[in-house]
Structures are given as structure tokens and as C-alpha cells.
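Okay, so chain A shows up in both of these, paired with chain B first and chain C after.
Moving on to the complex of A and B:
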């Protein structure tokens, strides 16, 4: 029986090394096919009629003109039992035609009569929206009154961030076709290949087993692509009406931004108190949030710091905007921004270096306190905190002010259930199958690393097949659960397969299976390494029938864990005459247990920091109060950072003793939590005043400076 | 986008004869970086596109005998940036072109197209018309989200900002425009080309549906210090929040006369008479530049969300003057 554990550090040949993603050349050369690139034989183009109104009743729909148009093959009214539109951009009718222009013409020919109803799209002031603001939660911890009585210094402020959208570069959508009247082939842009069939089956009234789902590559999901969407069901229905022909519906950019994903906003009025020595004594927050019809999430506040006395109230605001969806670390970025900003303001009120202040209270973070301490030390060195930090307000002459800010975060992670099949052929070739997906995180690469390292093979030998629901089931890529899930299953499958190879090869080597080891393309006798077979020779002992072994996660042995943390520090320059913020540098120090591939791990963190810069400085779903429309459903005014806007990003992964033996843990969410707070704190440090809400745009920065008064407000 | 007919003439006479009496009939197509977006968003729907790119006489940059510079309407933003004569004498034009930070748009977008592109007002682009009114005829901008709208010349009914970055620089340099139509060629000061519309069926520039811009003539900038300063939030693909182009005719250390034109702050490129008058006879200093900036926005007024742009415009003028004083170095 194999012993299910990770190889010791000195035995790792690929695990933990710096390995480029195997599909990188394929992607940068344009060869990688995304489902939105697919053009199936005989394919029809689907388009959607979407509501221009944010709230309305549908009185009537007349599709006759569209149906009569040459080239139109199917028209499908999307079912909506109460015929009530609840956000602008909600889909009403889908059309499939021989080409895209015809489908668009057909959409324009459909007549919908609406009874327009009052809408509400703003969420910045709960008092302004009446009954749409509903108390959602109230909680007391300890004795807040006593906590504030003990406080010698208090700080109060408003903090928050608006709704942003997922803005996937590959929009949501699918190409769907009926292979016959019972079997459906689905090419969907999804984070959860294995679970799409079960979600589609009841609606389409066919067995889930008859639904085939495939996806080689995905152009971003960020939490918004776990299930089939309304337009995917419409594509299936259109295909059925059109005799099974493939129907392609991928959202236009404006729909992608309006309806395909929203991260809830969160705002809070916070009061925090501490003793003069920095000991935090009490927290009070009145928060509100919105993410559409359901209100927003309730951010876990105070974040990480378990302040002894707390009083909290949360309000959910219902709005007529496209529905919220999970977004990298749901609720954490909001909680982190609000908490770390409030605490940094408190440190400033005391006159204390926030690094010292955070460390002073680090025991409140619980069992990870010592790790945070170590991470802060490393981050401080990397950004030159001691040398570059100053009290609030850069006093140097000229309009450009520089500042430093910090933050810390946590996340669970831990492996999801995953099955992995490994087949070894008598000629030594190896195939690995798993119904997982590579969300762009490097899953394809990391499972190959795990299998190859286990077999003592180099990269390029194990053929990795993923992205098909006919392969063994694997969980959705969300919640930072993929890497631990797929690598646990792969390691177990590979170890079991290797056991079988050992058993077959042992007689030829005159040794017992348990005395064998797979090293550098050979199977050798541990006590006498000269006695060896090449991998190929060893596999030839299998006989005629290949070996297939299934590995599972969870399973025997401790291969994974959950619970990680990290700290980030940001260095910014702010032009106080224009309010323009520039990122000089962000340092991220992150732990995530055993790192399978240092390069793709760092790349996860880079991506998180870039998304952090985007939403800290630029992103905002701008809704027009009067018309209920999103005003910036395009890549022009839904602003994202370009390369020149990102600054210098420095990533340090915590590895080695104390980290590696925990096994594999996920990394997708945690580094996406802190950038907002670190950047907002850095801006406050630079200009001497808090800019209360994100994004940190010139108007907000100038308004904060003007409020502070002072000569900064004008040139 | 709706179906359309496509014509590709090779002379300006043919081009003009293929245009019609309204934008619904026909529209001129240069680089297409704006026009195609407008068509995709169903803001315009011409029945015919008249491609200008095969009209060779609309291309090229050259010096005219009197020392002025002739820029063909089809010259791309990138060609402008790469041109040695422009680089030598017209720093403010280089600064403005350089701000258009997308290589794709610089490669396709033309100077003529930059001057004739339509406003980016998000109400206009969402289908509420150039004057952005709701179905009851109420103006959406003054009480709506006007963070990128006008702070000068914003008494209505137009509240958008002119989107061209090249126009303020060219106006400050004293550029003229050649327009060709069925009646032949007319010359117009570029400044007079732009006018805020007063009704829904007017455009923001004076060009009949069957006329085209053929070339831009820029007088020699010898003796003029010139520069453009744009306040941009991002380095990548973005619009200036406010910008200023200045040209200062120097006599020794003294400003003999000045042209100060603000961009992205009014429905037209905004010439600041106040700042110009003040600068004449002054020696350049921080203090002088700052006062000029303050005077340039003296008549500005904020709508509900764009007050911050007054500060940005003031700073843009100040910094453009200082940049010009330093020889226009970037």
C-alpha cells in the first residue's frame, strides 16, 4: 500500500519549482480555442432582446415580424411567470438566425409593450430608499459601551466600495446543439464543467447523463460562471426549435457588464476605540450593501481582528440592477477595506505607525498571529516600510505626495471533492483524465506537475485531459478549492498506479515492490540504484492491458489543509492638484501551504493585485438614477488598469518548514482581499486624509482634500 | 448595426457626390474607430458609407511654400506622431496625439476623424440623443451623472464635452480647415468650425452632410512656445478629464500674445479670452501660470457631479504654460 503523502523537499523534482504553464504558448499564439471562438458546422447565431427598463411589467410581446424574416430559424420567449422585469438588460426573447446581422435585425423587429414601474438603482444612502432598505443583521459582542468607555482615543469614519462587475474578457455564453432528440452537446464558458449537466437536466427535461459538456479554455470567470445562465437555456431551446442545429449565444459586452455578474457594494459608518498604547477596545459599525434584488452580502466585520467589544448592524438594500454573484472571496474585500481603513484611521488618530499598531493587536487575529507577524516583517523589508513610512500627510514640497499603506487577510480554501483517472499504457505513455477546468489559474499545469513528479518523469510525458464532463467528476473552481482538490486526487491516483508498476517490475529487478522507487525516468531498487529499469521497460511489464487507477479527494493521508493568510503593502503617489493616484509598488506576502508551482502561484497573486488596482482606482458600475440604466457598460468608461497603471508588483510566497507540511491549500481568493485596503491606506498616508469610498478617482480625492480644508484643496 | 451600402471613391469630387443630404443617407468613413462604434450602438444608421481611405489627395503631411504645414485629413494619429516636422515645431500637437494611448486607435484613427468624431457623452451613446433628453423632453445631464460633462459653456441645451484632443492644440496653433463640398473648397478657422448645437437636429460642428474635411493648415510655429497638458486618470486607453493647449508668441522673455484653448471641458474646444488677455505682456512664472489658470475657469460652473473638473482645468492651464516655457519637453 502506498503511503499517501507529499514527497520530502529533497525528493521533489517538479513540485514547488518554477514551471511555466503548459498551455502558455498555445494561448499567447492564439491557438487556444475558447468556447466563444467555436463555429460549429451549420451553426446558428443567437441574439437576445433585453429590457431597456429597470423595472416594468410586460404587457405584450409580438414576435411575428421577426419570425417571418428570411434567415430567422427560431424565436424563443424566455419564460418569466410574473412577466416582471427587475433590472435593465433582463432578457426577454431569444432569436436564432443564419448569421449575426440577421439575428440582430430580427431582435429589432420584435415589439414588446411595457408598463414601466418605479425603479431604484442607488445604494449609497439607506435613508433615501425607504422600505427597500431592510435591517438584515444586528449583533453585540462583549460590552461595547464598556469598550468605548475604556478607549482613550476613538476614530469615526465612513468607508465603502461600489458594485463592480466581473467583466470577463470572454463573455458569458455557450454553443449548444441537440445531437439527436435525447442528447445535448454543450460548449459553455464555465467554472464547473462537472456540474453543468445536473443543473440543465431538470429544466430541459432530459437525463443529466445525456448532456455532454466541454470546455478547453475559459476567458475569466471570477465566481460568475458556476451555472448555466438564462441565455444558455435559451440557446438549448432555440437549438431544439431549429432541429438541433448548434446555436451560439455569447453576450455582447454591454450585457456582460449589465447582467452577467456584480460584486455587491458595501458601506459602513464605523467607530473604533483604543487605548493610547494602541490596544483596541471596541468596534461599532452600521453597514449597508446592495447587489441587486437580494440586497448585498453581510461582510464579516470587524475583519480578522476579533475585537473584544462590538456592536454591529447591517442593512440590505434592494436595487434594480443585474444580480450579484460570487466574486473572488465573497464579502472579504468589502469587510477588509472597511475594517483595515477604520483601524488605520485609529492608528493615525493615536499617532502610531500602523504597522506597529497592527502588530500590537495581532493576537486578536487568533491562531495565525505568528504567521502574520512573520509576513509583516518580510513585507516591511520588501517595501522599505521603516525608511519610507511617515506620519499622515507627506510634507515634502510640490504637488506629488507619496504614502504607504498596509492590510492583511485570510481565507479558508481546502480541496474540493475530485476524482482523477490515470491510465498507464504498456508503452509507458500516461494519460490523466479529470472533469475539472483550467480557470486560467494553471490547473492543467499543476496536475501534470503532481503526476510527473510522482512518476519520476519530466514535464511533457503525462497527457492531461480536462474540461469534459465524461471525465471523472471534479468540483467547480471556486472558493480556492481547486488546487488542493485536483492535486490530492492526482497524487493518490499516481501513487496507486506507481504501486502497480512496482508490483509488475519487481520480479524483473529481483526486488520487492516496496523496495522500489521512481527516479529520473527509471524504476530502481532503493538499496542498489544501479539495478534499474527505464520507465518504458518497467511499463512493458504491465502486459497487454493498460492500467487505469482512480484517485480521489478527499482520501487517505493528509495531502491538503485549509486556512491561509497574507499581508500586503502599497506605495502610491498622489497628485494633490489633480487627485490622480498612481501605484508605485505593491508587495504581497502570502502563505498557502505546499506550493505545487511557484510560478503559477505567483501569477495568481499578480492577477489578484491587478484586479485590486482596477477596483481600488477605477471600477464602478455607474447607474443612472433617473433612467435606471448602467451608464458605462463598455470598456471605455468601465475603466480597467493597463500595464502602465499597475506599478511594480512584488510577490513573496511563504514556503518551507511550517508551510509545506500542511499540504496543498488554495490561493485564488486570499490575495484578492487586501489590495483595496492597502491602497486606500496608502492614499490616506500620502495626502493626510481618508478618501472614504472607492474607487479612488480624482473627484473623490479632491473632495476629501477639500473637506480637510488646508492649502491642498486648491493650487 | 444595420445593413448599408459601401462606396469607395478615389477623388474628393466623387466622394462628395456620393454623400447625401443627411447622415441617414450617407456618411464619410475614415479610420472608422468612432463611426463603426456609433453604428454598432445604433446611434447612427447611414444607408451608405463613403470610404475616404482611397482618396489619395487627403493623405500626407508637407510644408507649404509660406512655411505653414499642411496635414491631410486622412493622416493617422500615429503618422502625426512620427512626423519629423511636427515633432520639431509643434510640441503641443505631439503631446495631444501622444495622449491617445491605444496603439490600435492611433494606427487607424485619422486627424480628420478626430476633429469630426462625435461626443462621448454616455447619455448620447445610450440613445438619448445629443442633447440627452428623456421621453418627456427633460434634460438628463444637469441632474444626472455628469462627472465627465461640461463646466464651461454648459448653460444648455448642450452639456457634453467636445471629445477631440487635437482640436485644442490645433486651434491654439492658429489652424485653418479646408472643407470640400459641391460648391468647391472653403477655408475656415478651425475655431469657427465648432459650435454648440442649440437644437436636436444640429451637430456640434459646421459641416454639411455632403461636405468633407480635406486638410488642415497650421501656420509656422516659429517664435511660438507651445504645449498641451492633459489630466488623465489612467495611462492606458482613457479620455482626458480636462486638458489645455497653449501657444505663446515670445518676444525675448516676454509673452507678446497667447492662445489658450481648453479641451474636454465644454461642448466646443474652449478658447479662454481671459487667460489670453492676462498673459500678454507677462514674463512666464509659476505665479503667472497659476493666475492664468484661475482666470481660465473664472466663468466655469459646476453641475451636480463635475465640480472637480474646474480644479483640473485650472491645473491643466497652469501646467501647459509651464510646460511650454520649458520648451515643450514631455
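Moving on to the complex of A and C:
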């Protein structure tokens, strides 16, 4: 029986090394086929008619002119029992036609009569929205009154961030076709290949087993692409009406930004208190958040620092905007920004270096305190904290002010359920099958690394097949659960398969199976390495029938874990005449257990920092109160950072002894939490005043400077 | 709008033109263009309805029938099955659709397919040399300048065009010169390194 553990550091040939992603050549050459790239035989192009109103009743829909148009093959009214539109951009009718121009013309030919109803799209003031603000039960921890009585210094402020939209570069959508009247083939852009069939089956009234889901590549998800959407069901219905022909619907960019992505906002008025030595004594927050009809969840505040005395009140605000979707580390970025900003303001009020202040209170972070301490020291060295930090407000002459800020974060993770089949052929070829998906995180590469390292093979031998729900099931890619799930299942499958190879090869080597090991393309006797078979020779002993082994996660042995931390520090320059914020440098120090591929792991952290710069400085779903519409549903005015906007980024992964033993832990969420707080704190340190809410645009910076010395309690 | 007010006897007013085309919708178009006087000159007007086009892409001739309103990007993706260029912003902001036209990088979402006739177009699919990746592509792989990869083909083409024009860029020039491509996963650190590697590769004598 195999012992289910990761190889010791000195035995790892591929795990933890710097390996290029295996689908890289495919992507750079343009040959990688995303589902939005498919041109299926006889494929029809679908488009959507979407509501221009944020809240309305549909009085009538007339599709007759569209149906009569040459080239239009199917028209489908999307079912909505109460015929009530609840956000601008909500889909009403779908059309399939022989080409895109015809489908667009058909959409324009449809007449919908609306009874416009009152809407509400703003979430910056819970008092202004009446019954749409839904306060939750107040929460109390310890004795907040006593905590504030003990405080020698308090700081108060307003902090927050608006709703932002995922803006996946590959829009949401699918190509769907009926292979016959009972079987559906679905090419959907999704983070959960194995779960789509079960979600579609009840609506389409066919067995989930009759729904085939495939996806080779996905052009971004970030939490917004877990389930099939209304337009995907519409594509299936259009295909049915058109005799089963494939129907492609991928959202236009405006729809993508209006309805297919929304991270809830969060705002809070916070009061925090501490003793003069920096010991935090009390926290008080009044928070509110919105993410559409369901309001917005309560961010876990105070974040990480378990302040002994707390008083908290959260209010969810219902708005007429496209529904919220999960975003990397749901609720954590919001909680982190609010908490770390408030604590940094408190440190400034005391006149204490925030690094010293955070370290003074580090025990409040719980079991990871010592790791945070170590990470802070490394980050401080990398950014030159001691040399470059100054008291709040850069006192040097000239309009350009420079400042440093910091933050810390955490996330759980843990491995999702995952099955992996490995088949070894008598000729030595190896195939790995798994119903997982590669979001660009490197999943495809990492499972190959695990299997190849286990077999003592180089990269390029194990054929990895993912992205098909006919393969062994694997969980959705979310919550940083994928890498531990897929690597655990793969390692177990590979170890079991190797056991079988050892058993078949042992007689030829005159040894017992347990005396063998797989090294550098051979199966050899540990005590006498000269006695060896090549991998091919060993596999030839299998006989005629290949070996197939299934590995599962969870399973025996501790191969994965949950719970990581990280710290980030930012260095910015702010022009106080124009209000423009420039990122000079961001340092990220991150632990995540055993790293399978350091190259793609670092890329994830770089990506998280860049995404953080995007939403700290630029991103906002700007809603117009009067019309209820999103004012910037395009990429000119929904701004993302470009290659020159991100400064220099430094990533330090905590690996080696003390970290590797924990096994594999996901990395998608944690580094995406801190950038906002680190950047906001750096700006406050530079200009001497807090810019209360993100994004840190010139207008907000200048407004904060204009109010310098006054209250910041205004959005 | 002036042509609507002053119908030109020699050509067609826009209104008259629309009337004529309304009829032509129900019968197959025999002529695929009309001559119209505009701004004092005779110009060829295609459509509405499909018109045959010829494009030269990656040194190969392609033909298709597209409506004049179809963009080069849509023609590449929907009609010619060259799907390396991606449709993302669809209005010349993000660069995911970048192709090289007569030596210059262009956003193919903002070029009409009919306007691209007679031009020399290079798409990402045309960069490989046989089985070998172009040095820019290899540099993207080596420096992990990609995650989901959806912006990558456009970025690769933009980098190739940038290096053609500026073979020895400084890091500052890279930041400015590649500002026309946006990535959501956050791969810019890799892209910066990739461009510098590809640039060094050229100095080492590799083919550009």
C-alpha cells in the first residue's frame, strides 16, 4: 500500500519547481479554442433584447416582425412569471439567426411595451432609501462601552468601496445544441464543468446524464461563472426551436458589465479605540452594502484582528442593479479595506508607525500571529519600510507626495471533492482525466506536474484531459479549493497506479514491489539502483489491458490544508495638484503551504495585485440615479489598469520548511484581499488625509485634500 | 445629412438608396456595389446585403461574403474561423483583437472587413514559423505572460508590432508602447519581461 504523502523536498523533481504552463504555446499561438471561439457546423448566432429600464412591468411583447425576417430561425421569450424587470439590462427576448447582423436586426424589430416603475440604484446612504435598507440584528462582543472607556485615543472615519463588475474578457455565454431530442451538448464558459448538467437538467426537463458539458479554456471567471445563466437556457430553447442547430450566445460588452458581474459594495462608519501604547481596546461599526436585489452581505469585521470589545450593526440595501456574483474572496476585500484603514487611521492618531502598531496587536490575529510577524518583516525589508516610512503626510516640498501603506489578510481554502482517473498503457503512455477546468491558474499544468513527479517522468509524457463532464467529477473552481482538490486526487491516483506498476515489474527485477521506486524514467530497486527497468519496459509487464486507477479527494493521507495568511505593502506617489495616484511598488508576501508550480503560483499573486490596483484606483460601476442605468458599461469608462499603471511588483512566496509540511493550499483568493487597504493606507500616508472611499480617483483625492483637517465622513 | 436634403441626380440620396436597397433585400443582389456621388466624388458603395470580399491574411487569400457593416474582427472569427483575435470591448479600447495591417497594429474590431481588402493582414495565427513559436510567443510562454489567455493573442501581436518598430525598447518604452492592451487576470509583469526577452533574443540574432 502506498503511503499517501508528498515527496520529501530532496526527492521532488517537478513539484515546487519553476515550470511553464503546458497550454501556454496553445494560447500564445491563438490556437487555444475558447467556447466563444467555436464555429459549430450550421451554428446560429443568438442575440438578446434587454430592458432599458431598471424597474418596469412588461405590458406586451410583439416579436412578429422579427419572426418574419429572412434568416431568423428562432425567437424565444425568456420566461418571467411576473413579467417584472428588476434591473436595466435584464434579458427579455432571445433571437437566433443565420448570422450576427441578422440577429441584431431582429432584436431591433421586436416591440416591447413597458410600464416603468420607480427604481433605486444608489447605495451610498442607507437613510436615503427607506424600506430598501434592511438592518440586521446588532452584534456585540465583550463590553464595547468599557473598551472605549479604556481607550486613550480614538479614531473615527467613513470607509468603503463601490460595486465593481467582474469584466471577464471572455463574456458569459455558450454554444448549445441538441444532438437529438434527448441529448444536449453544452459548450459553456464556466468555472464548474462538472456541475452544469445538474443545474440545467430540471429546467430543460431532460436527465442530467443526457447533458454533455465541454470547455477547453475559459477567458476569465473570478467567481462570476459558476452556474448556467438565463441566456444559456435561452440558447438551449432557441436550439430546440431551430431543430437542434447549435446556437451561440455570448454577451455583448455592455451586457457583460451590466448584468454578468457585480461585487457587492461595502461602506462603514467606524470608531476604534486604543491605549497610547497601541493596544486596541474597542471597535464600533455601522456598515451597509449592496449587490442588487439581495442587498450586500456583512463583511467579516473587524477583519483578522479579534478586538476584545465590539459593537456592530450591518444594513443590506436593495438596489435595481444586475445581481451580485462571487468575487475572489467574497466579503474579505471589503472587510479588509474598512478594518485596515480604520486601524491605520488609529495608528496615525496615536502617532505610531502602523507596522509597529500592527505588530503590537498581532496576537489578536490568532494562531497565525507568528507567520504574520515573519511576513511583515520580509515585506518591510523588500519595500524599505524603515527607510521610507514617515509620519502621516509627506512633508517634502513640491506637489508629489509619497507614502507607504500596509495590510494583511487571510483565507480558508481546503481541497474540494475531486476524482482523477489515470490510465497507464502497456506502451508506457499515460492519460489523466478529470472533470475540472483551468481558469488560467495553471490547473492543467499542476496536475501533470503531480502525476509526472510521482512516476519519475519528465513533463510532456502524461496526457492531461480536463474540461469535460464525462470525465471523473471535480468541484467548481472557487474559494481557492481547486489546487488542493485536484492535486490530492491526482497524487493518490498516481501513487496507486505506481503500486500496480511496481507489482507487475517486481518479478522481472527479482525484488519485492515495496523495494522499488520510480526515478528519472526508470523503475529501480532502491537498495541496488543498477537493477532497473525503463518506464516503458516496466509498463510492458502490465499485459494487454491497461491499468486505470481512480484517486479521490478527500482521501487517505494529509495532502492538503486550509487557512493561509499574507501581508502586502504599497508605495505610492500622489500629485496633490491633480489628485493623480501613481503606484510605485507593491510587495506581497504570501504563504500557501506546498507550492506545486512556483511560476504559475507567483503569476496568481501578481494578478491579484494588479486586479487590486484596478479596483483601488479605477473601477466603479457608476449608476445613474435618474435613469437607473449603468453609465460606464464599456471599457473606456469602466477603467482597468494598463501595463504602465501598476508600478513594480514584488512577490515573495513563503515556502520550504514549516510551510511545505502543511500540504497544498489554494491561492486564488488570499492575495486578492489586501491591495485595496495597502494602497488606501499608502495614499493617506502620502497626503496626510484619508480618502474615504475607493476608487482613489483624482476627484476623490482632491475632495479629501480640500477637507483636510475636517471630518472625512462623506462619500 | 446634407445628401438627404439635396438628392443628387447622378447618384442616390440616402433615402433613395435605402428605398432601393429595401427592394434588393427580397431579391438576390446582382450588383454588389453602387456608385454614389459623395463630397463631389464618385464612390463605390457596397450593400446592404452581403458583398463578396477578398482578404489577404497571413500571406494567403481568403474570400467571404459579408455585409459591409461587418468588422474585420467579425469576418476573421465568424466567417474565416480565425479565432485567435478576440472580441472583448468591441470598440477599440482593449486590444484583444489586435492584428497587423500593412505593418501597423490595428484594432480589428474597428476596421470594416470591406476596408481591409487589398491590405496585408497578419493575425496571431500567422506568427509561428512552421512548428516553432515566434520569439515573442516563446517569450510569453517562458515568462508566464498569460493566465486565462484571452487577451494574450492580441498582446502577442501588439508586442510583435511594437518590437518591429522599436527593437531595443527600454522598460519605460514598453510601458508606454503597450498601453493599448488590457488584461483582466493581471499578466503585465510577465508581458514586460517577455518583451524584454524577445528584444534581447533579436539582438542575439534570432529572427524577428
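Convention: the second predicted complex is superposed on the first by the 707 of 715 C-alpha atoms of A that agree within 3 Å, B and C clash if a C-alpha of one lies under 4 Å from a C-alpha of the other, contacts with A are read in each partner's own complex, and residues count from 1 in each chain.
The rule we apply is simple: a residue touches a chain if its C-beta (ideal position, glycine included) is under 8 Å from a C-beta of that chain, and two chains touch if they have at least 3 such contacts.
This is a predicted model, so every value here is computed, not measured.
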{"item": "Partners on chain A (chain B, chain C) - clash or fit", "value": "clash"}
{"item": "Partner chain(s) touched by A:703 [first = chain B, second = chain C, both, neither]", "value": "first"}
{"item": "Touching partner for A:580 - first (chain B), second (chain C), both, neither", "value": "first"}
{"item": "Contacts of A:626 with chain B and chain C, given as first, second, both or neither", "value": "first"}
{"item": "Chain B versus chain C as contact partner of A:606, first or second or both or neither", "value": "second"}
{"item": "Touching partner for A:101 - first (chain B), second (chain C), both, neither", "value": "both"}
{"item": "Chain C versus chain B, contacts on chain A by residue", "value": "C"}
{"item": "First, second, both or neither for A:644, with chain B first and chain C second", "value": "both"}
{"item": "First, second, both or neither for A:34, with chain B first and chain C second", "value": "second"}
{"item": "Identified clashing stretch of chain C versus chain B [40-48, 76-84, 148-156 or 184-192]", "value": "40-48"}
{"item": "Intersection of chain A interface sets (partners chain B, chain C)", "value": "101, 635-636, 641-644"}
{"item": "Of all residues in chain A, those that touch chain B in their complex", "value": "101, 104-105, 577-580, 617-618, 622, 624-627, 629, 631-632, 635-637, 639, 641-645, 697-699, 702-703, 714-715"}
{"item": "Footprint of chain C on chain A - complex, ascending", "value": "20-21, 23-25, 27-34, 36-37, 39, 45, 70, 99-101, 167-171, 217-222, 252-253, 439-441, 599-600, 602-604, 606-611, 614, 634-636, 640-644, 646, 649"}
{"item": "Parts of chain C lying in touch with chain A, wherever the complex brings them together", "value": "25, 67, 69-70, 74, 77-78, 81-91, 93-94, 96, 123-125, 127-128, 133, 137-138, 140-142, 144, 146-153, 156, 174-176, 178-192"}
{"item": "Contact footprint of chain A on chain B as seen in their complex", "value": "1-3, 101, 120, 122-123, 126, 128, 134, 140, 143-145, 147-148, 231-239, 241, 290, 293, 305-308, 311-312, 314-315, 318"}
